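Listed next: structures, encoded as structure tokens.
The same chain A turns up in both complexes below, where it pairs with chain B and then with chain C.
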Partner chain A sequence: MADIQIQNLSKSFGAFNALKDMSLQINDGEFVVFVGPSGCGKSTALKILAGLEAASGGRIIIGGEDVTELAPGKRDIAMVFQNYALYPHLTVRQNIGFGLKMRNTDKAEINARVERAAQALEITDLLDRRPKALSGGQRQRVALGRAIVREPRVFLMDEPLSNLDAALRVQMRAEITALQRRIGVTTIYVTHDQTEAMTMADRIVIMRRGVVQQIGTPDELFNRPNNIFVAGFIGSPSMNFITGTLARDDKGVFIEAGGLQLRPEGAVAHAASAYIGRSVICGIRPEALGLAAPNEAALEVEPMLVESLGSEAYVHFRLPGHQVAIPVAGEHEHEGRASGTLIARLYDVDQSLIGRQVRLAIKPNTSIHLFDPATEEAIK
Partner chain B sequence: MKRTLLQSILLYATVIVVCGFLLFPIYWMIITSLAPASALRSFPPQFWPANPQWSTYTNLIFNTDMPRWLFNSALVAIVSTAISLLVSVLAAYSLSRYTMKGGEAVGLFILMSKMLPATMLIIPLFGIFRSLGLMGSLWSLIIAHATAIVPFATWMLKGYFDSIPQELEQAAQVDGCTPWGALFRVILPVSAPGLAATALYGFVLSWADYLYARTFLASATHNWTANIGIATFKGEYQTDWNVIMAASLLAALPIMLAYLFLQRYLVGGLTAGSGK
Partner chain C sequence: MSEFSQSRPAAPIVRRSHGLFGIDLASPRHANKLGYLLLAPAALLILAILVYPMLLAIDLSFHDVKFATLSFGADDYTLKNYQRLFSSPEFWNAIRTTCMLLLVVTSISLCVGMGTALLVNQQFRGRSFARMLIALPWAVPEVVAVVTWVWILDASFGVLNWLLLKAGLIGGQVSWFSSPGSAFSAVTMVMVWKGYPFISIMILAGLQSIPEEFYQAAKVDGANVFQRFIWITVPCLAPVLGVTLVLTVLWVFRDFSIIYVLTGGGPVGATETLAIMTYEEAFSFFRMGYASSIGVVTLLICAVISAFLVKKTSHAIY
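== the complex of A and B ==
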């Protein structure tokens, strides 16, 4: 096990910069998730860490050793690939033991370790099958077995769950997290799925166009996003953005929107005083909106669509005059949301809301986020 | 979908007719080889000789140089296929996996050389072999055949390697293989069907050659391959067709057996990459 230092890592393919000046310190035993939309550089970063791609600049230090120039096999890392990359001509047992064999491990030792890994992953009865005779979930376990059997210093995982169906993905997500906690190997996990990132990571590195946007715990990214991109990417459904002019009265700064005063608090309110009289982008999470009490100040909206998930519903509506084209739209999924549409996550509602006037209020103790429209940076 | 009786009858009838067309020449070769020379031009033709002349075969094997010619053919075909595979595997793998300046042009150039007719290459090859002192040597034929096999084999294998996910050798490298190790321990075993199909293609191409052998080995009778040898059975005034047919069958036998045994791999090899 080891810590990892990534220092000013960059990668260019001709004129295209896939990775720009990435620096990051990963602690021993930490589970770090690289997340971002397609083409953000997360997989490139992982491949450079694995040694499968040469860096254009920067250094990688694993456990105090500079591995930037080392061959993949000499870095003492294990990698799980998106398509599992199991050797089709070898049995499960040979697949798992392949790395040990390449390192001239004693045959009895290989057998013992393969058995141990297979037991941990509950695939003992599959050891003599070939990969083509396995289901997707079983293949995934074999790929994990191949990684853990070597007891490497670092695990690298490149979207390992994306080929599984939804139910299996949730199950394997929990299993991988539990496995990593149990064996405590420093892990870097790449995904484009923010839910995976939020549920699995100790810390998340969120990337866009080859640049790290923010590094932090899932809570930090959710509650204190650095910019509109992070705010929009983390959370499902994603954050609502509306535009408005910042004003101040005796109770503090606020934006007036649809008959409601949205009042940021604390450090955000303090930082926002520099923006009085200027247009800003305001971010409200769908779960911060609720049905208003009869006498409560509220947004009067007319829902266009209600997506019921059983326990909750996503209510889509518009706020004319305050709509803003989400700057990050098109780069990743916005849960099928039409541009400029806002979403409230409500409970105990149904399709009958469509076309009716609905009053929405901001729930107490929820954050109002403000962003500079020019730089897209958070005002905080 | 279940077939109706009529569809089944039509299907089997088609299969029988097509197989008949394909197998009739072989059947005719067999009965010609077994018929006495005098019965070959008899009318109506005999569809199975009344008195099969097995001695044609024993004479061919024990009283002519046929075994030696077959051995030479096999030697040339095996060595030229082996050399071609070695070159093609490396060329195809690098064309498939590595991007380099002009890589595509190199690939097309290799394929283009396959489009040149063999007769066009004979004169330059003749000149080269004569200056190297290889005329009459089996090496001349081995090299000439390799020049014909390598371009197509490279493209065949490139297509096969393209269908193998790159993550396989990346996984092997992370597991401790060098790039060479990944090629030999993972990619080549996985490509076995593709290699078998390519090897058979090369073997058949070399085995069936007459033009190069006739040109480079004409005067070296001890190095003749089966195809030149068989041609010598055709005399100026008299031709023993039964002997020629028997020799041709003996020459075709190794190829037929190879197809029979490699059939499973060949089908896999030819359809590889068409689906997961």
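== the complex of A and C ==
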């Protein structure tokens, strides 16, 4: 177990900069998730940490030791791959013990440690099978077994759940988190799935186009995003973005949006006073919208689509003149929600909303985020 | 949504095709009939040019005939050919030569093929050109290549002797085809030259199918380059190696033109394989029954070797 310092790490492939000046301090035993869309540099960063790619610049220090120039096998790290990388010709037992065998560990010691790892992952009865005879979840466990059996200083995980189906992913997510907490090994986990990042991480590093956008706890990223990209990437469904001109009255600053006054509060309102009379982008989470009371000021919209999830419903609507199309969330940035459609996440909706006017209001005590349209940075 | 929900004009009704003899071969019920129909020409061809001559040869081997006849069971059946074959020192010499050639050519070709495949699997400038260069001997027609080699190895005018003399490796000109040892070496060299590209191409294809993550995982686990070769490359190549080995073994077994053009089986039977012996008996001495019995024994040996190799390598992985 060890802490990790990443200092000004960069990687370029010719003229393309895959990673730009990444610096990060990861504490001993911490679970850090690198998240971002494809091509954001998260996997490149992980490969450089593993020693599978050479860095173009910067240093990596693990447990006080500079490992930047060390071979992967000498870094005392273990890695779990997206497709598990289990050797098809070896049994589960041989797969888990492979790393120890390569290091000429005593046979009895290998057996004992493989048994211990198998017990921890509840795969003892699979030890003599080949990977072909295992299900996706079982393969995932074997891949984890191969990582924990060596008792390394650091775990690196490269999208380990992306080959599993949705239900199994939720289960394995919880298992990996519990395992990491139990063993306490410093872990860096790469994913493009913000839900995985939010549920598993002690801290999240959100990246875009090779640049770290924000580093913080899941709550910090959700409640105080640094910029539009972070605001849109974290949270599902994504944050709604509405454009409008900032005005001030005796109750404070506000933005007029289709019959609704959006009033930022606290530090945001204070910082926003510099933007009076200027156009800003206002961010509202879908869960901040609710059905308005009969005499309350409300946003009257006609839903385009209502997706019912049983206990809640996603109401899609448009706000002509105010909606902003910002491509954000998703594995691929260009596939993000760029239509400008807004979403309200409503609970306890007991009737069909399609085909009739819906009156939406901002729930009390919810945050209104403001962003500078030019820099896309948060106004806070 | 509304723009998508407008009523569409009704699609035209698809007319049923009655196909061949009123049978629609595209329908799931008749799909296997189409399969048989498509396979029939190939199956008939195999029957005509492979199975029939094979049966004919087996039949011939049990008859004491000088010239081939196309009628089955023309004479009384006899085991004379086989009795003569198994008591003939030439036959055992041919078996020994074939086995030696098999062992030497296959193992050297495998090593050279593996080495070159690993080499051109690396990233380097001019890789495509290197790959083409390695595959080149495979593309040259066998007889053309061997005639060229005959000139290269010629005792008086050969470029090899000239090179070796210039390099000071030999004192005088070597007559490659006059002593048993050098003739066998010359045959081996030309067969390896002709045979390794196939192995190289097959292994290269196999190497490219090994996921990069296997190597990355092994690197992280601390495996050095030799450990990665032994524990990942070789086992992952096992299915490809198996098929390649079977095909190479069969090629060495049945290859005729290289040896015939280079040495004609000589000197004193040093390079006389079963294939050469069969040809000699059939077309030099016109002992068709006897030649057929050699052919049948060769067939049996080939069948046993391929069955063994296929069985062995199909269990080597997964």
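In the analysis below, the second predicted complex is superposed on the first by the 366 of 380 C-alpha atoms of A that agree within 3 Å, B and C clash if a C-alpha of one lies under 4 Å from a C-alpha of the other, contacts with A are read in each partner's own complex, and residues count from 1 in each chain.
Definition applied: contacts are C-beta pairs under 8 Å (C-beta built on N, C-alpha and C of every residue); 3 or more make two chains touch, one makes a residue touch a chain.
Every value quoted in this text rests on a predicted model; they were computed, and no experiment measured them.
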Discussion item. Taking chain A as the common reference, can chain B and chain C both be placed on it without clashing, or not? Answer clash or fit.
Written reply: clash
Item to complete: Please determine whether it is chain B or chain C that touches the greater number of chain A residues.
Response: C
Worksheet item: Which partner does A:S273 reach: the first (chain B), the second (chain C), both, or neither?
Response: neither
Item to complete: Give one of first, second, both or neither to describe whether A:T217 is in contact with chain B, with chain C, with both, or with none.
Response: neither
Item to complete: Classify the contacts of A:L305 with the two partner chains as first (chain B alone), second (chain C alone), both, or neither.
Response: second
Worksheet item: Touching A:R130 in the superposition: chain B (first), chain C (second), both, neither?
Response: second
Item to complete: Figure out whether A:N27 sits in contact with chain B (first) or chain C (second), or with both, or with neither.
Response: neither
Discussion item. So chain A touches chain B in one structure and chain C in the other; where do those two contact lists coincide?
Written reply: 50-52, 71-73, 77-79, 81-83, 85, 87-89, 98-99, 102-103, 146, 150
Worksheet item: Across the complex, what residues on chain C touch chain A?
Response: 1, 211, 213-214, 216-224, 227, 231-232, 235-236, 238, 316-318
Worksheet, complete the sentence: Given the complex, residues on chain B that touch chain A span 165, 167-168, 170-178, 181, 186, 189-190, 192
Worksheet item: In the complex formed with chain C, which residues of chain A make contact?
Response: 50-52, 71-75, 77-79, 81-83, 85, 87-90, 98-99, 102-103, 130, 132, 146, 150, 304-305
Worksheet, complete the sentence: chain A contacts chain B in the complex at 50-52, 71-73, 77-79, 81-83, 85-89, 98-99, 102-103, 146, 150
